[in-house]
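Each of the two complexes below includes chain A, the first together with chain B, the second together with chain C.
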Partner chain A sequence: MPARMTSAMATLLCVDLMLISFSRFRILIYLLTVQGIMIGAMPFLLRDAPHSLFGYGLMVLSLGLRGVVFPWLLLVASRKIKLLQQGDCVLPHATAMALGMGLIMYCVWLGSRLSLPVPPMSSLMLPAALATILMGLMLIVTRRHALSQVLGYVVLENGISLLGISLHVEEEVLVELGTLLDVFVGVFVMGVMIYHIRQEFDALDMDQLSELRE
Partner chain B sequence: MMTLMMIPICLALCFAPLLRSVINKTKAFFAGRKGPPWLQPYRDIRKLLGKDAVYSKTTTWLFRAGPLVSLTGVMLALTLLPMGSIPTLLAFPGDFLFLAYLLAQGRLFVVLAALDTGSSFEAMGASREVQFGALTEPVLLLAIATLSHHASMFSLSSIYQTGVPDIWSRAPIILLILALVFFVVLLSENSRMPVDDPTTHLELTMIHEVMVLDHGGPDLAFIEYMQALKLWIFSTLIVGLFMPSIELPVGLQCAIFLAGMGVVGVAIGLTETMMARLRMEKVPQLIVGAGMLSVFTLLLEVF
Partner chain C sequence: MLPGANETRELALSSIDAWHVPYGSLSFNLDALSAFFLTLILLLGVLTAVFGKNSSGTTWFFFISLMFGMTLVVLAANALLFLFGWEIMSLASYFLVTTRHQEPGVRAAGWTYLVATHLGTIFLFVMFFLCEQKTGSFDFHAFSSLSAQSPEVLAAIFACAVIGFGTKAGFAPFHVWLPDTYPETPSHVAALMSAVMAKIAIYGLLRMLTFLGEPEAWWGITLIAIGIMSGLSGIIMALSQKDLKRLIAYSSIENIGIITIGIGLGLLGMAYQATGFAVLGFAGALLHILNHALFKGLLFLAAGSVLQATKTRLIDDLGGLLRRMPITGGLFLFGSIAITALPPLNGFISEFLIYLSALGGGLTLRFPANLPFLAAVLGLALIGGLALAAFAKAFGLVFLGRARSEHSTRASESGIWMLLPMVVLALCCVAIAFGSGFFLEEFAPIVGVLLPHHSAATEMTLQAVAGQAFAIAMLSGIFLAVLGILALFRYLLLRGRVVQTGVTWGCGYTKGTPKMQYTSTSFSEPLSLLFSPLAAMKTEVTAPSGFFPSAASLQRHVTDTFRESIYLPIFLRISALFSHFRLIQHGRLRLYVLNVVVTLLVLLTWKIGFSS
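So, the complex of A and B:
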């Protein structure tokens, strides 16, 4: 079990690294799907005790939203505005990758320093959660396009959820509900925002917005 | 014991050109063609060996030494490579550095021979070869160092024979990522598709092929054979990661090994079918990405 857990966490870290180094939006969506399914399925792997029906339903809901609904929404939106083939990272490729690697190193170091009340299943669990959060933040900061920033936001929330799982929070339902609500509202609000930005300016490039004057 | 040790080397010497046929047949299959016959690489080499070499007056002994020295180096590298549980001819702590240096020496002499002709076209190919080589080599060393770190062993044969099964039981993901890294290194070192197109002989984009334009006859045969062996060496590094750890009869091990090589050949063929050649400035990104992955696996401490 720990070996399998370590492999899963290493895969998540890999996905994080790829998220920062690939620039095409289509690939980002595929990566987000993989990440969502893995994080959504994590509670099923961890719990041994039988679940309550409510908790079970919530896990399925979380898996469905993270693994299917969000990527699908982003895919539909990006198809509409024909974003799929473009890259929009403000950093050169190698720099972004080196930065991502540095962040992962930092997270692995940090994960080994922090002591948790209950030790997690795998020593890589905490680094993976932290790295996912930081990668989400990096995506929001380094991408030009509004839709990529939404994607970064979803990644960030995935990371928070993974952190909740790895901390063995007693009221896990609350954490899950909290993040899911956050993301869902977030994605919808941003959907509306993006729609309005597009109506007004014909473009979703955030660099152009910074040139606006009163 | 000695005969047992010779088996992997003999397999390499006999079947290396066949690996190219596997790639060509795979590509032909997906393109709906019949492809060249299975024995075509052997026939090419035999044809070239039967010819006379022509040397330009501007070349020196370096030009003649190039193919010979690089072929010798690569053949020597074969003695270090483990296959299943068969002991290798040469094994000492740190021999993977020796492997990397032997391959680098092969590259150096091909490059020197290309520069010796005084042709600017070949010099350009040499420059590109060295540029990509300088990027690929650290990645290869880093990947093997990662394996060595996780296995806590320092010679190729002990890493592959006792370290790899151990890593499989602890964290298989490391080996899967490293297999990917080795595959990228293989593609780059052997001028396969996303890095270089082995079928374009007169394009400005080509790298390896341009350096050997002035070689002919036996020299070209040596170089072709050297490249086939090089492909074999890198494929061995990949297949070795997936060899079964249980004790099997030698014949069965050879069969599994050859089947694994076939799979790698098909994988290369598939990659070449599906991918176009990358733009020149994108190639370092691919190689650096592979390097990042191996740094990443080095980081994964498995407790």
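So, the complex of A and C:
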């Protein structure tokens, strides 16, 4: 089981690296789907049996939202504004990839420094969670388009969820509910914001917001 | 007049059960001193509220908050609660100042006020923390052990109190926010702020003085010096103002100066063991606090009534209003007589007490101990003379003569709800003027808070002064009676004869135009030139040139020396320094997020990576 978990985590790290280095939006959505399914399915792998029907339902809900609903929503939205084939990364491919690798190395180092009360199933579990969070943040930083930033936000939330799983939090239901609520509110707020930006600037390039400064 | 004073004698220390919070407790205490200031808050609060009864809901909210804050400050028996109330008071008044925030001038005034009031509050924080460090508690009853501290500690606390409370009260040189703020504030709020809020700062100073035990002579001398400086610079600046509300605002600084002189004399009397003079000084200061609240409230409300009717505050656009607004004009004249301390009215009584203290000390104490007392006499005399000139100008140019612009030709008298509070304030002034002989003794418990262990001497001195005040009231009554008889004679003599009237400022030349009248600057120029170091006069001349000169102009205005040569350079320097930080505010959202990420990573690395 730990060996399988390690390979799953290594896959997640690869997905993270690809997320930051690829530029086209369609590929980003596919990667997000893979990541969502893997993280959503993680609780099933960890436990022999769910505690209750409620917990079970929640895990299914989480998997459905992460693996299906969010990617699908992003896909629909990007199709509507014809973003699918475009790239909007402000960094060149090679630089972005180097940055991603640097961050993954940093996360592995950080993960080895952190001592957890209950040791995780795999030594790569904590680095993968941290890397996913950081990749989400870096996606927000390096992408110009508002929709890419929403995607970065969802990746960030995936990372937080994985961190919760690897920390063996007692009240996992609460963490899960909290993250989902966060994602919901975050996406909702971003949606409102995107609508207003589009009304105001007739484009979704976030750099145009700098016109708003004093 | 002072319903609180009698009852508190029995009430003394009525503490409600304290509500404990971190670092202290929200405990209350009402003694004679608090009751006195509470009377001011409630009386002026109600009257100014009636005047501004058409205010918007927002204004009402902050008005009530301001009253609440002031009440908290006065009733607080704990430094934490005191600062709590102080901050509510400051913020509520800030929002009241910026009521008409659509105008850039109002926003600038509000900003100045906010910065000034918080700079002052910093000193209060330092002061209370110093007290807490020395006594181990934020409770006021623990502070009374402060008197055993070393002179250096007491000096530091005193200095912080003077700067912190002085900024709010308007001591020169911390007054520069005041003349910018009051004119832009709605008139009824300006009346409340000038008449009561500034006095709350004086309350704070007095309250702190009660904890510091026997004062040292230099405290009194400092306060007298500050008082003379505030009084003189305030009234000289008032004299040369072109804006009616600004003139009244500067006159507030002058009156705060007089009050400070009174407190200084009280402290000096205590330091020299001359209890009689101390009682007179404190009682004079307290009575002047009450008086100033009444007539400054009256004047601000009258100015508000003028502003409402004419839509302008510029003296050079007004004139001849007495005919169109007789009641407002009469009340303004009434307030002017009171504020310039002319005999029949109440200002005279309080300044008389301060004069008595200063003259008594000056004549009985030995040289050089009597010098500050004599300086106070000279300062008061000079301030009084200049105040007369300033209010002669304010009343003469605004209400007499002829209208200088359309603003004043269209004016009409204000409604009953604006006039009523002013009438009540005027009646209070009369009551104090003629009734002070009866109630001056009631000041004994209030003075007793400031001057403990001398209750017999206090009562005796106040009784003696009350007798004199009674005599003054009698003389004033006789004076008024004679005046009335003379007026009656004039009426009888002129009855049935043809009476011709001319233009007031015409000097017999009846075809004068409004432009030939004195302007506000020309009226005050001789006196302003005399005191030019305190009030620098700037002249802008466009001289006529060529054989057929087309346009020429001469404009003079007076600038506040403290503002122009001290504060402006300092704040410009600070602003220039901080403008460098504008680089961070580039407006790129992604880079803001990057800042957050980098900060988080650095903290994480520092905390986890290198800690163990």
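As a convention for this text, the second predicted complex is superposed on the first by the 209 of 214 C-alpha atoms of A that agree within 3 Å, B and C clash if a C-alpha of one lies under 4 Å from a C-alpha of the other, contacts with A are read in each partner's own complex, and residues count from 1 in each chain.
Convention: a residue touches a chain if its C-beta (ideal position, glycine included) is under 8 Å from a C-beta of that chain, and two chains touch if they have at least 3 such contacts.
These numbers come from a predicted model, not from an experiment.
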### Message
If we overlay the two complexes on their shared chain A, which of chain B and chain C does A:L124 touch? Say first, second, both or neither.
### Response
first
### Task
Considering only the touch criterion stated at the top, classify A:T142 as touching first (chain B), second (chain C), both, or neither.
second
### Task
Could you tell me if A:L134 is touching chain B, chain C, both of them or neither one (first, second, both, neither)?
second
### Message
Applying the document's definition of touch, where does A:L181 land relative to chain B and chain C: first, second, both, or neither?
### Response
neither
### Message
One more residue to check, A:L17. First (chain B), second (chain C), both or neither?
### Response
first
### Message
On the A-aligned overlay, A:M193 touches which partner chain: chain B = first, chain C = second, or both, or neither?
### Response
neither
### Overlap of the chain B and chain C footprints on chain A, listed as residue numbers
none
### Query
Inside the complex, what are the residues of chain A that reach chain B?
2-3, 6-7, 10-11, 13-14, 17, 21, 93-94, 97-98, 100-101, 104-105, 108, 123-124
### Residue ranges of chain A touching chain C (in the complex, touch as defined)
90, 106, 109-110, 113-114, 134, 137-138, 140-144, 206-207, 209-214
### Summary
Per the touch rule, the chain C residues reaching chain A in their complex are 585-591, 593-594, 596-597, 601, 604-605, 608-609, 612
### Message
Considering only the defined contacts, which chain B positions touch chain A in the complex?
### Response
169-174, 177, 284-285, 288-289, 292-293, 295-297, 299-303
